[in-house]
Amino acid sequence: MQLRDVWLRLGREVILRGVTLDVPAGQGVTLLGENGAGKTTLLRLLSAGLRPTRGEGRVLGFDLRDSRAVRDAIHLMPVDGGLYPDLTAAENLAFALRMHARAGDVPGALRRVGLEGAAQRRARFLSAGMRKRLALARAHLLARPVTLVDEPFANLDDAGRALVQELLLELRGQGCSLLIAAHEPALAQVVAPRTLRLAGGLLREEARA
Amino acid sequence: MKGALRQALTVAAKDLRVAGRTRDTLLATAFFAGIVLLVLGFALSGGVVSRDARLSAPLAAGAIWTALALAAAVGAQRAFAQEQEAGALEQLLAYPGPHGALYLGKLLGVLPPLLLVAAVTVPTGLVLFGASEAVTVAGRALPWAALALTTALGVLGFAAATTFYGSITVNLRAREALLPALAFPILVPAVLATVQATRLLLEGGWSPEVGTWLTFLTAFDLGTIILATLLFPAAVEG
Amino acid sequence: MKRDVTTTVLGAASLLGLAVVLGLSLTSPLDVNQGSLVRLMFVHVPEAWLSYLAYGGTGLFGLLYLIQRRRHWDRLAMASGEIGLLFTLATIVGGMLWAKPTWGTYWVWDARLTTTALSLVVYGGYLLIRSLIDDPERRARVSAVVGIVGTLYVPVNYMAVEWWRGVHQTQTLKLLGGVRWDAAPIYLPTLLLSVASFTLLYFFLLRLRGTLAAREEAREERELTGVTGLEVARG
Amino acid sequence: MKGALRQALTVAAKDLRVAGRTRDTLLATAFFAGIVLLVLGFALSGGVVSRDARLSAPLAAGAIWTALALAAAVGAQRAFAQEQEAGALEQLLAYPGPHGALYLGKLLGVLPPLLLVAAVTVPTGLVLFGASEAVTVAGRALPWAALALTTALGVLGFAAATTFYGSITVNLRAREALLPALAFPILVPAVLATVQATRLLLEGGWSPEVGTWLTFLTAFDLGTIILATLLFPAAVEG
Amino acid sequence: MQLRDVWLRLGREVILRGVTLDVPAGQGVTLLGENGAGKTTLLRLLSAGLRPTRGEGRVLGFDLRDSRAVRDAIHLMPVDGGLYPDLTAAENLAFALRMHARAGDVPGALRRVGLEGAAQRRARFLSAGMRKRLALARAHLLARPVTLVDEPFANLDDAGRALVQELLLELRGQGCSLLIAAHEPALAQVVAPRTLRLAGGLLREEARA
């Protein structure tokens, strides 16, 4: 994953003002920054959901503008889950798998995140933490080479947080690169030791606390 | 290619499942089609208009197809509003594969409820406007098969165009009114072709002229689908 | 600000052409059926032609934008759309004024008239969409798509008189299936000159509006990003 | 009571602000109504303008009211879709005060843009469909005042009925229970009365029959508003 | 605030199985529980958004079934903020104030939560943390006698969390009762020392950690 002097404007706001980033394959990076610093925006940019206003980037060697190749390699777990409210938990996972043309053990994944009892419940009726767990199960099932995670620890109980760490560590064990935007440096750094901080539209390396 | 087809089918299957579960789309489309028939039915029946068979055929055709064009617009809008809820649209666009496949998937998902609505609207409209009566009075049978073909082709064309515009208006303000406003002018050739075909069928059954209109309609459908599949990625990309 | 010679020349040429057309049309003989009303043709037809041209331009520039992603094309597409809308309106108003004495009514549900009114809506929608999107890149992309689809509407409008017979004149100058001229030959040169002048007028207006839009955009960009040094008006 | 009124106005002002900040909704709705007129005009009249008031009046009435009924439906749908997005509806229901005020607020928010659109649609429709001409040919003047009254009452009735309908469809459980399909017939009286009054006015100016229809319409408007205000709390409650 | 043996069923699920609760006016209570335990559901019940299947409750002496009186006294700050995406930050606050027939210093409240720069931005374009801050500003402006807060610390940076504590403490200082559902006991207990845990549909008092 590489970014070279990337600028990004949204509406009338300039969010990123020259971000440069190098993440070797398989590395885990924690992304910190204040509310509104632009973490989510940076993740969306990397997942080809937004185009940089200026500058360029590559993911696994593919130019960010080649959105199809990038989308093939990357998975973004958004803050709100990005689930279909009217599909059940199991259907949500099955849908994601089929869109990636992959097979996977949906009941097993649900059991892993403690949702075996809610497999047939619609995502609309899941609690905030359960939705987060479901999104996590999806990220773990898909196991894309580059996985971007937005605030994985929010809304979760202690067991849930440990689970996130466990599953994300497993992903890293499989050789996936991880980029985790979070407000809990201590929790995230267990999984992704390298730490970057986004402030004023610029990215800075930070020593581990 | 095969991957794209599989994706399209996956998206369509998902939409149909949700549609079957919430009945949201079906109700909304039926509602709009119902209003058109209701208002026009009350306005036009009972006066001079309905007693003249030469007048009732074009009226019935016009009312039915306006209703269906509207229903298509509403259905397409729902299809994308659904995705938009809870940020699922951004997630959908992030799946690998060509974005054109998503358009086809959405189209396939929009079609069945629309066809269902059409299957009710067409006969209702024909009865309501006295067209079916006029036909039987003239001693002919209603050409059901040809009408069904016209309906299918027409609905396909409507759905193809409105689904495309649905993707454009989904994250704009005032999208409910905007989508039909944008899509309708483009639909006019299709509306005209279906109206003419229906009118001719009602007035005199199958004829080569009907064939010409249906060919035109088929060309419109194919053209719209191909063009929309090509342009869709540009319309939705980040 | 540097003087733009091309624009000035275009403007002067189109004005000159229009003046000559005015002179010619006032001296042209009266028509057997229409009397002096036939002179309206020298405005009405080129106006319609210009709006077709403008819509074609919107689609073409939109396509170019999608291929090259240069904002320049987007500005031209917008300029072209505005010009098209303006001249469609002129065609309709002029046509309605012509219709009253010849058909006895301002409006009929004729295919050509309806499709012309609808093309007003198509490009009204195009401009409406533009006004609804704030992000310039997205605006350019989406409106390019809408513009391209909208352009397909021009052939529908052109063919409307053939497909659905109504009261409106069919093409006097047939272009499809062999060029043919169905009216008194005396009108042809004047009409052609008028069409040519209107074509020049189109390019003049296009350049003018495009330059204006570029300046507007540059100013906005400066306001937004003043200190940050983000490049000004890409493309 | 005063508190409820203030709340209704607050909700209406909020909706109008969302709608009016960029004139988007207004523009789009007007656009939409215009398109419906055009399409219907073309689809229904098939190229003949008729100077016969008995023919043009029903067409004009039908087209105008189809356009307005649809505009009302779109507006009402928009009004509630807005709330539903991002869980704002639950928050809205949690404000103090009677829930009926929310219905009134929604209705007030839907009305002004609709009246504006109607003020444009009615004259345009009358001209386009030759109804105004037919009336003047017959040596009468258009009964503007009566038409305006009919329009106002009709728009109010449509808005009240469609807003009520919209309030039913936002409720998840109701939507899935096909309850909305049952609520559809509430539109029938409004459509009937409005269309008939307009047609009669165009055909022969003011008459006692028009008066009857307008009285009926007023009663319907009042009845719907009162009933909906009373039923709304039950319709939306968790 | 009182609940007496409250049962609640949603869909096919029994969420609360006899909850009994007594909170004197002005007290601060932290509500803990696993994901899906029913915390959010309990808060919705108390704000008269849901009706108990069995059992009864009172808020400030009003029966829960008298939803109008309860709604007058209570404010629930939901997980997702419950903001209008197409109103600006300032308009969202002004609307809430007018619905409660109260006057308040909107610009001041926005400044307080660090959103003065985003006052004219639509809520749709705010970041997750900024939306949370906006919802917090609303709760603080309204200052209802009973304020229920669902996961106030999620999505916020460290400064934001301190801000939540500060504002909620201020609310308590004004005599408001607080019920805070959270997964960060340490943070919540600063504001609301009494701790309850929801598990298996039952509520249990918990000693402070």
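By letter and in written order, the chains are A, B, C, D and E; residue numbering begins at 1 in each of them.
Criterion: contacts are C-beta pairs under 8 Å (C-beta built on N, C-alpha and C of every residue); 3 or more make two chains touch, one makes a residue touch a chain.
Keep in mind that what you see is a predicted model, and the values were worked out from it rather than measured.
Chemist: Would you pick out the chains that touch chain B and also touch chain E?
Modeler: The common neighbours are A, D.
Chemist: Taking CA centroids for every chain, report which one is farthest away from chain E.
Modeler: That would be chain C.
Chemist: Quick one: which chain's Cα centre is the longest way from chain D's?
Modeler: So the chain farthest away from chain D turns out to be A.
Chemist: Roughly how big is the turn, in degrees to the nearest 5, that lines up chain A with chain E by CA atoms?
Modeler: Rotation angle, to the nearest 5: 180 degrees.
Chemist: Counting only C-beta pairs in contact, which pair of chains has the most of them?
Modeler: B-D
Chemist: Measure off the straight-line distance from the CA centroid of chain A to the CA centroid of chain E, and report it in whole Å.
Modeler: Each chain's C-alpha centroid was found; their separation is 28 Å.
Chemist: I'd like the Å distance between the centres of chain B and chain D, where a centre is the mean of that chain's Cα atoms.
Modeler: Averaging C-alpha atoms per chain gives centres 24 Å apart.
Chemist: Could you grab the centroid distance between chain C and chain D? Build each centroid from C-alpha atoms only and quote it in angstrom.
Modeler: So the centre of chain C lies 36 Å away from the centre of chain D.
Chemist: What whole-number Å value describes the gap between the mean CA coordinates of chain A and chain B?
Modeler: Centre separation, chain A to chain B: 39 Å.
Chemist: Give the residues of chain D touching no fewer than two other chains, as numbers and ranges.
Modeler: Counting only residues that touch two or more other chains, chain D contributes 18, 22, 24, 27-28, 31, 34-35, 42, 46, 85.
Chemist: In chain E, what residues contact two or more other chains?
Modeler: Residues 80, 86 of chain E touch two or more partner chains.
Chemist: Could you say which residues in chain C touch two or more other chains, in rising order?
Modeler: 111, 114, 118, 121, 125, 128, 132, 164
Chemist: Could you list each pair of chains that touch one another?
Modeler: Here the touching chain pairs work out to A-B, A-C, A-E, B-C, B-D, C-D, D-E.
Chemist: Inside the complex, what are the residues of chain C that reach chain A?
Modeler: 134-135, 137, 224-225, 228, 230-231
Chemist: Touching residues of chain B toward chain D in the complex: what are they?
Modeler: Its residues touching chain D are 21-24, 27-28, 30-32, 34-36, 38-40, 42-44, 47-49, 58-59, 61-63, 65-66, 69-70, 81, 85, 172-174, 176-178, 180-181, 184-185, 188, 191-192, 195.
Chemist: For chain B, which residues count as touching chain C in their complex?
Modeler: That would be residues 164, 168, 172-174, 178, 181-182, 184-186, 188-189, 192, 223, 227, 231, 234-235, 237 of chain B.
Chemist: In the complex formed with chain B, which residues of chain A make contact?
Modeler: Contacts found on chain A: 44, 47-51, 67-68, 71-72, 74-76, 78, 80-87, 91, 95-96, 98-101, 123.
Chemist: Note which residues of chain D are touching chain C in the complex, please.
Modeler: Interface residues on the chain D side: 22, 24, 27-28, 31, 34-35, 38, 41-42, 45-49, 127-128, 130, 133.
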